[in-house]
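Each chain carries a letter (A, B, C, D, E and F) given by its place in the written order, and its residues are counted from 1.
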Amino acid sequence: MSDKSLIVINPNSSESVTDGIDKAVTPLRQYGIPIRCLTLKEGPTGIESQLQADLTIAPMLRLAAQQSDAAGYVIACFGDPGLHALRDQTALPVLGIQESAVMTALTLGQRFGVIAILPQSIPRHLRSFGAMGVLDRLAGDRALGLGVADLSDPQQSRDTMIQTGLSLRDRDGADVLIMGCAGMAHYRTELELETGLPVVEPTQAAVAMALGHIVLNLRHKGSDHA
Amino acid sequence: MSDKSLIVINPNSSESVTDGIDKAVTPLRQYGIPIRCLTLKEGPTGIESQLQADLTIAPMLRLAAQQSDAAGYVIACFGDPGLHALRDQTALPVLGIQESAVMTALTLGQRFGVIAILPQSIPRHLRSFGAMGVLDRLAGDRALGLGVADLSDPQQSRDTMIQTGLSLRDRDGADVLIMGCAGMAHYRTELELETGLPVVEPTQAAVAMALGHIVLNLRHKGSDHA
Amino acid sequence: MSDKSLIVINPNSSESVTDGIDKAVTPLRQYGIPIRCLTLKEGPTGIESQLQADLTIAPMLRLAAQQSDAAGYVIACFGDPGLHALRDQTALPVLGIQESAVMTALTLGQRFGVIAILPQSIPRHLRSFGAMGVLDRLAGDRALGLGVADLSDPQQSRDTMIQTGLSLRDRDGADVLIMGCAGMAHYRTELELETGLPVVEPTQAAVAMALGHIVLNLRHKGSDHA
Amino acid sequence: MSDKSLIVINPNSSESVTDGIDKAVTPLRQYGIPIRCLTLKEGPTGIESQLQADLTIAPMLRLAAQQSDAAGYVIACFGDPGLHALRDQTALPVLGIQESAVMTALTLGQRFGVIAILPQSIPRHLRSFGAMGVLDRLAGDRALGLGVADLSDPQQSRDTMIQTGLSLRDRDGADVLIMGCAGMAHYRTELELETGLPVVEPTQAAVAMALGHIVLNLRHKGSDHA
Amino acid sequence: MSDKSLIVINPNSSESVTDGIDKAVTPLRQYGIPIRCLTLKEGPTGIESQLQADLTIAPMLRLAAQQSDAAGYVIACFGDPGLHALRDQTALPVLGIQESAVMTALTLGQRFGVIAILPQSIPRHLRSFGAMGVLDRLAGDRALGLGVADLSDPQQSRDTMIQTGLSLRDRDGADVLIMGCAGMAHYRTELELETGLPVVEPTQAAVAMALGHIVLNLRHKGSDHA
Amino acid sequence: MSDKSLIVINPNSSESVTDGIDKAVTPLRQYGIPIRCLTLKEGPTGIESQLQADLTIAPMLRLAAQQSDAAGYVIACFGDPGLHALRDQTALPVLGIQESAVMTALTLGQRFGVIAILPQSIPRHLRSFGAMGVLDRLAGDRALGLGVADLSDPQQSRDTMIQTGLSLRDRDGADVLIMGCAGMAHYRTELELETGLPVVEPTQAAVAMALGHIVLNLRHKGSDHA
């Protein structure tokens, strides 16, 4: 296993998001398994709909298949596009950041709140949480509601994220928060400090779980398929 | 963090179970965080009822409090006795093997089956799965139904475990199995081979998640309580 | 049965709470079965966490075992600490005030609202309601949010309780209320008048159910264990 | 209250069923509140469909309205026809035997099994359990599958009931049973002995709860409507 | 089939409501199957309680039985009184407007919001949605809260309906709306324009489904009962 | 609307399946709206995995966009690949055969059983039913378990389908069946006769619903997006 890597695929084409993911998972490099973060060139700048998400699947599957040193995969878009398709393609561990974030959050609080970027993402999230069977644990899912201009202003993003977190805590009863997006790990500590709640950054959660699956040889098709 | 350990507490008094846990989590020692497995001297030989489970909580909490080098805890009894009490006592990561096994299984298959030791454990499991909100993902929970004499016969235990796993797969529709007990990790590979399903050994699952929580500084009370 | 009593155990050490329970269940004494209310000396003044709740279990079980005239038991803390442990210890009827309050409320309205004393109790309640499988009937769970000083002021307690009840009715859609605490029965009538909703006082609900179980010989292990 | 009675209405026209109910609730007469069991003359001999159940509502409501000494009501058909209509008609306590049986069973085991008379009743039961929000606690619902001739043979009825109870226990995992019919209380003890499970006879459960509601002044519209 | 009609029964006695239904379903007449809308003379002016709803069942069943040209039925009261009774009475397709509205809404958005006329209808709706097993998809159910005078003012009704729709969208997260009443189809377009959400008018939904069932020979008892 | 058509896309490349769909929906042509059934040339011969399903989305979206006469769409693969993506792409009605089959079945019985072609499809179905929030209504999902050779033998297919339907009815308690595949409508009548249950053929269900949506102008984004 020593020369194999965990492959993290950012299915959007923003290198800066990939860089943010790479930095977010740095502490997990102490486990001794290389972590390589890739950008899907064919992806859109950001994934804002089921349509965009679904269209990343085919190129993502190809990119994944090309990684001959893969010990496992993480799909780093909150929405987990192609998660089960990639599990059909390979017997190696495949984790999605949404699924992993939820499973991690469920060990940190009784009801999780999700900070979505866009309002239109929420129905998509709800379909996923329903498929996961975890809706009884959902406190709420709230969107930042920021336009493009606002999102490019870090102070504005940070403030809105904290406000959204406080609404999830105070109106919806969340006792753990999930960041519904890759690439915003740098806000995590501040968000925890301002809300007093644990905050799950989904790429961290997925990479941690994926590394555990690799080390423990946990595979969705059973170890005889290894 | 380097000189702190993850503390795994076996709340029954069987050293052999503790040894089994210790061996099961060996692969996870490559992460660089020491893992110390303790036996609760005050516990019963085996935990077979809610009564016995609940009575381990007070001494378990004391034992946990004495570990000044703790970076986090795992409670290694399927039933997670004292899980939330210990989370009240400390802000360090605390994972239960039942909760972690379920969260891990949910990333490996759509419906999980549980291999219980005793029939009377099943209502207890169901209460826990209900509290976790994951009953929609449960395929079934079946007991080995072995007497003490049978359990001491490894071949008999192994065969019955495989039969139970096959029933969970073929009658209940499980596509991932959870071993409903600590200390049986040595059957995991064979169970996977015979059933073709992924098998989650719960102490492995919990230790993997706990190490992730430690490295990522994920705490149920938020990082300001660290 | 005539010389046997229903034993109500208040697992906190406040005699005044025990007195309140004793008074609350007075109308049920017309059934002809003695009701004896005991205070758990080893308990804390009030139970404010899972940690405190779990630590009452061992002494509560001992106290219960000493009551040689018991016809059945009620555990009078909202949170039902040791409910299933005591059911393991005895075949006599054992009711918890939380479980009984919920089952009673479900016959009085479509969605129940819970008035909790402390915000930190809510996740604990939710775990219980999940284990009971009744979350679809929960309208909301809201805490009084009073400090110690306020709680000692009856007028302030009463006003806040009514405000909380009105929020559960108007914002959350509750059509029946549960008092999430023992020892506050004296506010019940006023709360009903101000909100126009039925209000379930949990010790009353549990004692009524326990007496029914005794008279009907309803036992969790079946009547052959009598 | 002393001169008011609990009115139990058997909505079918079989006096023998009413007699069985009357006998079943005898132990609860020690509470000191008279219990009067009435037969709905306009009802069918037995209620075997939603159609028959719904057609009993209008005459049942009239019969109920004529009881000037009523302290409360029990509708004694498993299916609870007219339960909410009668609650609309009166502010007095109104309990249904199905609802009460379920709420009672939930305090006696983690998963309840229902012994239905006819297969076609099962979808009706499931709609009710769904409306009650308790499907996560249902182990199974199985019909006796007896023809008219068999039901008139007590030995045959008893044997089939026990077989059905054992199937609910062993195949479906029930740890408490509900008799899905009024008028079969005389089989309860034997059924408990043969299955080792607690058995809830629904008219007993409903009368016990109704008496509690009367004594505690618990009303679905709040006490200001008394 | 050509000379058979779909029979739509308005179980209240308001001809104006029947007229509104008749107009609402006009576009569906292009299917070629006659649609006849009947008023239940014995019904109340409006159905405002479970009591009133249940009392319409017997006359509604008689009216249905008299329609010798029936190809199928729609019960046009949101609450679906007698839906399953009529299915017991006939093997022809029987649709309820509540059930059909929900099934239609579930194809148009992830979470549906219901605009109820009266607050007291909401518990009744919730029982139905629970029986249907669709509560996880419910965003909210809000009442217009209008008195009789206000309802007779079209502008006031329209404004309040839009306000209620906006609350369901913005506070509860609905992405599809259901009009919880027959006879208000004329507000549908405006409601859609003002909220930007799809709006399901329940009689339209039920008639569309019923016509499909007729043409496809879909019958709740299977085609051998035709 | 008169010159617009409902477009049914079979996302696998088997013309014979498309022909079967075309024949199945013939009765619905009486509605007066043309129905055009297209084969996705780029699709696989049959869709047997999430991987294959996901890969049909991109070409299916292109094919849909080319249909300038579209009044609405049906995606005719049980699994509904690209359903929400196509809803993102167009404001016209888009129905999936799985979703529509479920919504239709819920009006025909209390618990639906699904006849799957392949065992590996079942987890995929369960994810969808979870996302739809209808798992409480699912009786069971059973696969034919036929190899390619068997499927090409109509008698063998028919017999196995009936056996599977009977298992769903007798072991799982289904009272309505769904054929979990397009292109098998010719077995529907026989399956209904042999099981005595209503059988929903999913392309019929979806086309019926889609035509209703078109006629009623029901659009997932509200009528202002038309």
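In the analysis below, a contact is a pair of C-beta atoms (placed from the backbone, for glycine too) under 8 Å apart; a residue touches a chain by one contact, two chains touch by 3 or more.
These numbers come from a predicted model, not from an experiment.
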Going from subunit A to subunit E via touching chains takes a minimum number of steps equal to 1
For subunit C and subunit E, the touch-path distance in steps comes out at 1
Every chain in contact with both subunit C and subunit D is listed here as B, E
Across the interface between the identical copies subunit B and subunit F, with over half of residue numbers shared counting as same and under half as different, the residues used are different
Here subunit B maps onto subunit C under a C-alpha rotation whose angle in degrees, rounded to the nearest 5, is 180
By C-beta contact count, D-E versus D-F, the higher one is D-E
The distance between the C-alpha centres of subunit A and subunit F, rounded to whole Å, is 32
Separation of the C-alpha centres, subunit B versus subunit D, in whole Å, is 42
When centres are defined as mean Cα positions, the distance from subunit E to subunit F in whole Å is 26
The positions of subunit A in contact with two or more other chains are 109, 127, 130, 132-133, 135-136
Among line, ring, star, complete and other, the chain contact graph is other
Every touching pair of chains is listed here as A-B, A-C, A-E, A-F, B-C, B-D, B-F, C-D, C-E, D-E, D-F, E-F
Listed in rising order, subunit B residues that touch subunit C in their complex are 49-55, 57-58, 61, 82, 84-89, 124, 127-128, 130-133, 135
Within the complex, subunit B is touched by subunit F residues 122-123, 126-127, 130, 135, 141
In the complex, subunit D touches subunit B at residues 109-111, 136, 173, 175
Contacts from subunit B onto subunit A in the complex sit at residues 27-28, 30-32, 95, 99-100, 103-104, 106-109, 132-137, 176, 189, 192-193, 195-201, 204-205, 208-209, 211-213, 215-216, 218-225
